[in-house]
Every structure is written in structure tokens, then in C-alpha cells.
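Right after this note come the structures.
In what follows, chain A forms one complex with chain B and a second complex with chain C.
Entry: the complex of A and B
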């Protein structure tokens, strides 16, 4: 099912939680609502489910306006952050509960629950109470319960935040697998850019209730519309080198050294700007435009060699291959790849290059 | 080397002695109070109940034996008291719990004047039992009472609540239910508020109706709290006395027919000065309440299913 959000706004008194959001969530896709806490992503989820009424705007499910419909008439499956499994019911009873309400005959109910248990791989845990299940297992039961009534839309609120780091990676792959198998349009909320990037087909990035950019994670990473997007995605975070635009070129704040990038539009001289460089965009040996720098520190992180570099009096991180013999304190020339290097207006965050 | 070892051992033993003493010192004040005001009277009551021909002032008694128990269990007033107490518990506890459940459910909802209602329901808790008893006495009045007036609105005949022995126990039960409500409501309201609101959101999103949600989610999750209120209320109802006293001018009903176990105990102690019998009746009540509580705990363990 395709979900169309048109000019959606939510106000709580004076505060605007969601501001004029328009976005289309593709049929059968796994969509991530991404943003720092307080950006309105859970509010959007609650408006999709109907738990919260919208202040303004419309929500369309396959072209049908559902904005005024209560949750039970929207046919959405909900998975809560803390799972909200009924503690007095077994996993099986939890999964069957939505079907019981639909007055499905008991035999069919049990069959459907068995199918779902197989899908989320908890068949051997069906007779346990939630308190006897681990976090990951509870998560699976919660997803099975949400899928039980064959929803058109599955909504997951911070599905992985209550799990430990190792389980998180495992569960996010599980969510992807379950979504692919059930083919239900799925929206999940997260503040973790890695989580969103790794499994979502479509990432909707928000900041303070305002849409920043929505596209595939790859596109957001490679072609960020503004500084916030470039800064929010990627680990380690993108390097920020400060300076100004002079004569159509970026000039470093202290040294005044120039770095040229093709600009999208005419930019006035003296405009404060940020040269944002991804750590993997540092090239050694240097070719083309070169910048002198000094190695401040060098770490090994797994397979990578991460160096802290001093470039024109400003610090940045860069991956420099371990094959290249440099040591702490060495001076060398570096250059930047074309990809993963952007110029932003320091005031507005607008992308300039 | 030997000396060092010895010194080390000495240090260790000193340390462990102090480590053992410190907690004991912290516990001492509470334990002393408990021993004087709970443990000693408790043991003493049991002892007295077995002392034959016990004289309180001199502490003399003839022998240890079961004479007091025989006398109490053979006394029609005590047996009547046991029956009345049993009936009182049987009617008051379930009725008060059901009504309190309903009221707590309403108080837990977003209703207008919620604060006012909450205050009203809890008012009886902070008012003197005797004062309330006197008000109830007026309400039960045959000629001018509010209750008979209400009955007359429905065309029913006036009931002689306080002077006709047949209606004494019903009157006591009505008053008992009312006086049990506030505490029960507080407990149940706390139970309601302990239930995570997300269960309701989840159930509602699945299309569950309020009745279904109450039966399948609220009630099971409230079961432990209900069990607790049942036990507490059963114990307090078994000790019914302060409700009885003002209603019938300090008499056990209009024709001495409404003895309760605690009234019998009071009568044996303060009026007849038969300490042994008072102690024996207290022990019998204790054993019965203890047994009922154990049964209830056993059932409740089966209830609490998560």
C-alpha cells in the first residue's frame, strides 16, 4: 500500500512537532523515519496509526483519505518501543488477540498464529509468557502480533533501541527479512543513522519537525541537500573545515589557503562556508589540488587506519591506507576525492557545490 | 612470621565482630519496639488463653489447660458471634470490592470534577469512625432516617433497621460496605494506574471494545491488586467492632443477637473480666483469619499469571 502524506502538521499548544510534511512512502517498501530525538518522527508514526489526530494536512492510504479515521479502522499493525506485549498472555495468546477481536474462529486463529510464529522464528516459544522471553524474542512476538490481522501498513516505533548492540544488528536484518517475506509496507522510527541506512529502502530525514531530505540512504549519503543531512549521516561524522568564499573559491579560515570546487550558483565574497569532507575522501598520495597537512594521531579501527590530520590549522579525520608509511608528526600532502566533498553555507546550511 | 599471621588473624576477627555488630545496632531500636509492642503481647495472649483461673492483678493461675477454649466454644454468644462475623465477611468483602472496582474504574478515567469525586470518596477515611457511626444511626432511624425515606420513594415499607433483630445484621453490613470503600478504592486505583497505558493503545488499535479490554486486559492485570485488597479487607472485616458499637448504643444488636467475635472479646475482657476467655477468643479468631489468608494466598498464586 502506498502512503501519501500531504502538508501534514501537528501542533501541541505552541510547539510545532511536525511542520508541513509532504512525502510519499512507496508500496511494499521499508521506510525509515530518521532524525535526532524531538524531531517529530514518533509523532508522525502516531498520526499514521491514528493514535494522534493531525492538526492540518491529509494522510492517504492508496489514495483513500484516512486522516479522520480512528486506529481500528485503518488496518495498521503497531509495534511499540517497549513491545507492550500483554504480560498475562502467552506468546500465542498475544498473537491471537487481534484475531480474537476480529472474531476469527479459533482453529483459523491458531493456524495463522503458527504461520506467523514460523515467519518470525519463535515456533518453539509460543507457550511462554513475555517475562520468560528475551528482548529480541519479545520483539519477534510483537511483530507477529502486529502482522496477525494482515495490516496494510506495519509501524515500528524505535524497534531496536531496547536491544543490546549485537542483537540490534541481528534484529535489524530480521526486520528486513520479515518485511521482504510479508511484503507489507513498513515504516520504522529510529534515531540511529546506521540502522536506517543499513536496511531501509527509503529514508525520511527530519529535523525539528521539518523534512530535510527523503531518498535512498545511499543518495542521502552521497548527495546531501544540506549541511544537516551531510552531518547526520556517516560514521565517523563528516569533517567540517571552516572558511569563507572568496572569488568563487573556498578559503581556509586561518591560513587563507584556497580550495576550488564547482559552485552551483554565484556566491557573494565573504560568505562564511563549511568545507565538508568524508573521512574516506582523503587521497594519499596527493593528486590535483593538494593541501599540506601534519599527522596528529593514528588509530587502527578494525580493518581501517584512521588518522587525525591537521590541515591549515584545523583538525580532520581521514582514512589513510596502512600500506602508506606515515607516523605521528609526519608532514605530507593530501588531496580530496570529488565524491564525498561538499561546500555548505555556514549560516543557512545550504549546499553550495 | 608467626607473629604476623597471628596479628592478621586478630585483625580479621576484630573486623568480623564489628561487621556483625554494626547492622545489629541499626536494627536494635526497631527490634526493641517490635518485641515490646508486638511479640510480647502476642506470646502473652497465647499463654493467658491456656492459663486456668487466671487473675490479672496478681498473675496467679491454677494450671495450664484448655478450660478457656472449652468455655468459649461452648458459649452460644461466641458461636453466634462467629456466625455473624462470618456472614459479615461473606457479604461485605465481595460487595465492597465489586463496588470499589467500579468506582475506581470511573475515578481512573478522565471525568469532570475528578478531584472533587476523589476527595468525596476518601473523606470517610479521615473522619472519626464513631462520628460516622452516629450519622449512620440517624440514617437508619425508623421514623426520620434517610434510608427509609429513600425506600418510601420506591413505595417500599419502612424497615426497622436498628430495633428489629432480623434487620440488625443487614444494617451493619450496609454500613460495613460503605466504610470499607475508600481504602479499597485507593488500593484499586493504585492498581489501575500501574497498568501501562500502551496495553490499552495496542488493544484499541486492534479494534477491541472497552468491555473486551476491561475483561481481557484490565482485570487480569489487576488480579494481584484485587487479591491483596481481598486479604486486607477480609482481615479487617473479621475484626468488625467499631462499626457495631455506635450503631446499637454499645450493645451487640437490639436484642443481644448481634455478637461478633471481637464484641465477644471486648465483653469478656472489659465487662465480665474473664481474661482467659477473651484471650482464647482472640486466638481462635487469629487462627481462623490466618487459615483463610493462607488459602487466599494459595489461590492468588494461581491467579498471578505473569
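Entry: the complex of A and C
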């Protein structure tokens, strides 16, 4: 099912949790609502499920306006951050609960529950109470319960935040697998850019209730619309080199050294700007425009050799291959690749290059 | 050392609580002559159940017992029902004036029951229900105090369960009976037990609104034992035992629920 959100706004008294959001969530897609805490992601999810009424705007499911419909009439499945399993019921009873309310005959209910248990791989845990299940298992039960009534839309609120690091990677692949198997349009909320990038078909990035950009994770990473997007995605975080625009070129704050990038529009001289460079966009040996730098520190993260460099009096991180013989304290010339290097207005965050 | 002292104090406490109870049972098994000997015997020389037989053969006493059971069951069932509904409304439903209404109900708790006796009595007389069992039941079909306790328990149940149930398609009514009530079992058991004990022991109101033995309950029966035939301690003690035993049994049955209510505390997240 395709979900269309039109000019959706939610106000709580004076605070605006979601501000004039318009976005379309593709049919059968796995969509991530991404953003820092308090950016309105969960509020959007709650409005999609019908738990919270919208202040303004419309929500359309396949073109049908559902804005005024109560949760029970929207046919959505919802998995809460704390899973919200009914503690007095077994896993099986939890999964059957929505079907029981639909008055499905018991035999069918059990068949459906067995199918779902197989899908989320908890068949041998059906007779346990939630308190006897681990976090990951509880989550599987919660997903099975949400899928039980064959919803048109599955909503997951911070599905991985309550799990430990190792289980998190495993569960996110599980979510992807379950989504692909069930083919139901799925929206999940997360504040973890890696989580969103790794499994989502479509990422909706928000900041303080305002849409920043929505596209594939790849597109967000490679072509950020503004500084916030560039800064929010990527680990290690993108390097920020401060300076100004002079004569259509970026000039470093202290040294005044120039770095040229094709600008999208005329930019007035003296405009404060940020040259944002991804760590993997550092090229050694240098070619083209070169910048002199000094190696401040060098360490290994997994397979990568990450160096901290001093460029024109500012620190930045760059991946420099271990094959290249440099040591702490060495001076060398570097250049930047075209990809992964952006120029932003330091005040508005607007992309300039 | 400190352990020994602690145990000694606890043992003393336990003894003071249990001894009167023990004495009641022991005395009820003695003969009239033995009860009155000085110094008193600790254990009955020849235990006899005659006193119990007497208590039940004295016709109204069996009737009182039955009435007590009927009145207590009716009061507890209706109180639980109204309490559950009220607690749900005051904890989960949103309606204008909810909190003001609840606060004024709590304020009503400040009025002692004795103050309400006159108005309640007038109501019962007005409905021409004096000297019926209805008169013993109708004024006790709801309780602000239990509503307050249960409302607080309901408030401790996370919102996400409610919303989850709503998204699952459950109505408020369904959610209440399928999710909240089963989860509140320990709280309900506690409330039910307290309520049952209060009803079972009610005396003042019973004496006021009933006259005929057909409609009176056990506590009045005990009173009758004291006045009508002089004080025959062994018979009185047998009657008192009969009065107390059902509540003890009830407590033993629900004890586990009450304990889990205290120990379980929260939900595992």
C-alpha cells in the first residue's frame, strides 16, 4: 500500500512536533524515519497508526483519506519500542489476540499464528510468557502479532534500540527478511543512521519536525541537500573545514589557502562557508588541487587505517591506505576526490557546490 | 547476635498476634466447667465439639451464616464490578471534568461512615427495604477507596499496551476485560479480600436496618450469644471460630495472589 502524507502538522500546545510534512512512502517498501531525538519521528508513526490525531494535513492510504479514522479501522500493525506484549498471555495468545478480536475461528487463528511463528522463527517459544523471552524474542513475537491481521502497513517504533549491539545487526537483517517475505509496506523509526542506511529502501530524514531530505540512503549520503543531512549520515562524521567564500573559491579560515569547487550559484564574497569532506574522499598521493597537511595521529579501525590530519590549521579525519608509508608527524600533500566533498553556507546550511 | 534479637522480637510479635486466636479455638473445645477453672488449663482435657453443634443447632445461627455468605458475596461481586469500571474510567478514558470529579470523590472519603448512616437509613426506609437483605447490600455496592487503589494500579500499566490493543482492533471494553483486569489480578485479589472482610464483619448497619433473625448476619449472632443466654464462653468461642474460619480460608486461597502483587512490581521491558 502506498502512503501519502500531505502537509501533515502536529502541534502540542506551543511546540510543533511535525511541521508541514509532505512525503510519499512507496508500496511494499521498507521506509526509515530517521532523525535525532525529538525530531517528531514517533509522532509521525503515531499519526499513521491513528493513536494521535493530526493537527493539520491529511494521510492517505492508497489514495483513501484515513486522517479521521480510529486506529482499529486503519488496518495497521504497530510494534512499540518496548514491544508492549500482554504480560499475562503466552506468545501464542499474544499473536492470536488481534485475530480473536476479528472473531476468526480458533482453528484458523492457530494456523495463522503457526505460519507467523515460522516466519519470525519463534515456533518453539509459543507457549512462553513474555517475561520468559529475551529482548530479541519478544520483538519477534511483537512483529508476529502486528502482522497477524495482515495489515496494509507495518509500523515499527525504534525496533532495535532495546537490543544489544550484536543482536541489533542480526535483527535488522531479520526485519529486512520478514519485510521482503511479507511484502507489507513497512515504516520504522530510528535515530541511528547506520540502521536506516543498511536496510531501508527509502530514508526520510527529519530535524525538529521538518523534512530535510527523502530518498535512498545512498542518495542522501552522496548528494545531501543541506549541511544537516551531510553531517547526520556517515561514520566517522563528515569533516568540517571552516572558511569563507572569496572570488568564487573556498578560503581556509586561518591560512587563507584556496580550494575551488564548482558553485551552484553566485555567492557573495565573505560568506561564511563549510567545506565538508568525507573521510574516504581524501586522496593520497595527491593529484590536481593539492593541500599540504601534517599527520597528527594514525590508528586502525577494523580493516581501515584512519589518520587525523592537520590541514591549514584545522583537524580532519581521512582514510589513508596502510600501504602508503606515513608516520605520525609526517608532512604530505593530499587532495580530495570530487565525490563526498561539499560546500555549505555556514549559517543557513544551504548547499553551495 | 542482632539476628537473635530480631528473631526474638518477631517471635514475640507473632505470639501476641496468634495467641488470642489460639485461645479462642482452645476454649471452644473445652467444656463449660473447664473454661471456668482457675488457673485455666492450657489444652482442653477432653476436647469436645459439642459447642459447635450447639452453635449450629441454635437455629438462627445457621441462618445468620447463610445470610453472611449471601450478603458478602453480593457486596464483593457488585463492588468489584463498579470499582473496575470506575477505575478504568478515571485512569484511561478522557472526559471533561474527570480529575475534578475524582478529586471530589476522594474528598467524600473524609466523611466517616457513621455520618452517612442517617441518610442511608432514610434512603432504605424510603425504598421500603428495611429488614431485608437488600438493605445490607445496596449501600455497599461501590467503594471510592478501592477505586482509588485500582485506578493507581491501572495507571501503572504502560500506555503502549493500551495503544497496542487499540491498533490490534480492541475496543475499550475489550481491552479492559482482556488485558487490564487479568493484569490487575493481584490488586483485585487484595481489594476483594479486604472488601470481603469488611462486609463479613459489618455490625452497626446490620443491627440498624434488620430486625428479624431471617435477615441478620453472623456478627449479630455473636452478639446474641452474649446477651440471650448469659455469657457462655465456650459456646461464644465456638461461634467466634465459625465466624472467623471462612475469612481465614479465603485469605489462604488468595494469599499467593497478594504476595505476587507485591513482589512482581513492574513489567519486564
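The rule we apply is simple: the second predicted complex is superposed on the first by the 353 of 353 C-alpha atoms of A that agree within 3 Å, B and C clash if a C-alpha of one lies under 4 Å from a C-alpha of the other, contacts with A are read in each partner's own complex, and residues count from 1 in each chain.
Going forward, a contact is a pair of C-beta atoms (placed from the backbone, for glycine too) under 8 Å apart; a residue touches a chain by one contact, two chains touch by 3 or more.
Here the structure is a predicted model, which means the values were calculated and not measured.
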> In the superposed model on chain A, is it clash or fit for chain B and chain C?
Replying inline: clash
> For A:15, is the partner it touches chain B (first), chain C (second), both, or none of the two (neither)?
Replying inline: neither
> Given the superposition on chain A, which partner contacts more residues in chain A: chain B or chain C?
Replying inline: C
> Does the superposition put A:87 against chain B (first), chain C (second), both, or neither?
Replying inline: both
> When the two structures are overlaid on chain A, which partner does A:162 contact: first (chain B), second (chain C), both, or neither?
Replying inline: second
>> For A:78, using the defined touch cut-off, is the partner it touches chain B, chain C, both, or neither? Pick first, second, both or neither.
In response: both
> In the superposed arrangement, does A:131 touch chain B (first), chain C (second), both or neither?
Replying inline: both
>> Per the definitions at the top, what is the overlap between the chain A residues touching chain B and those touching chain C?
In response: 49-51, 71-72, 76, 78, 80, 82, 84, 86-88, 97-98, 101-102, 130-131, 149
> For chain A, which residues count as touching chain C in their complex?
Replying inline: 46, 49-51, 70-72, 74, 76-78, 80-84, 86-88, 97-98, 101-102, 130-131, 145-146, 149, 162
> Within the complex, which stretch of chain A touches chain B?
Replying inline: 49-51, 71-72, 76, 78, 80, 82, 84, 86-88, 97-98, 101-102, 129-131, 149
> Given the complex with chain A, which residues does chain C contribute to the contact?
Replying inline: 158, 160-161, 163-171, 174, 178-179, 182-183, 185, 267-269
> How about chain B: which of its residues touch chain A in the complex?
Replying inline: 196, 198-199, 201-208, 212, 216-217, 220-221, 223, 305-306
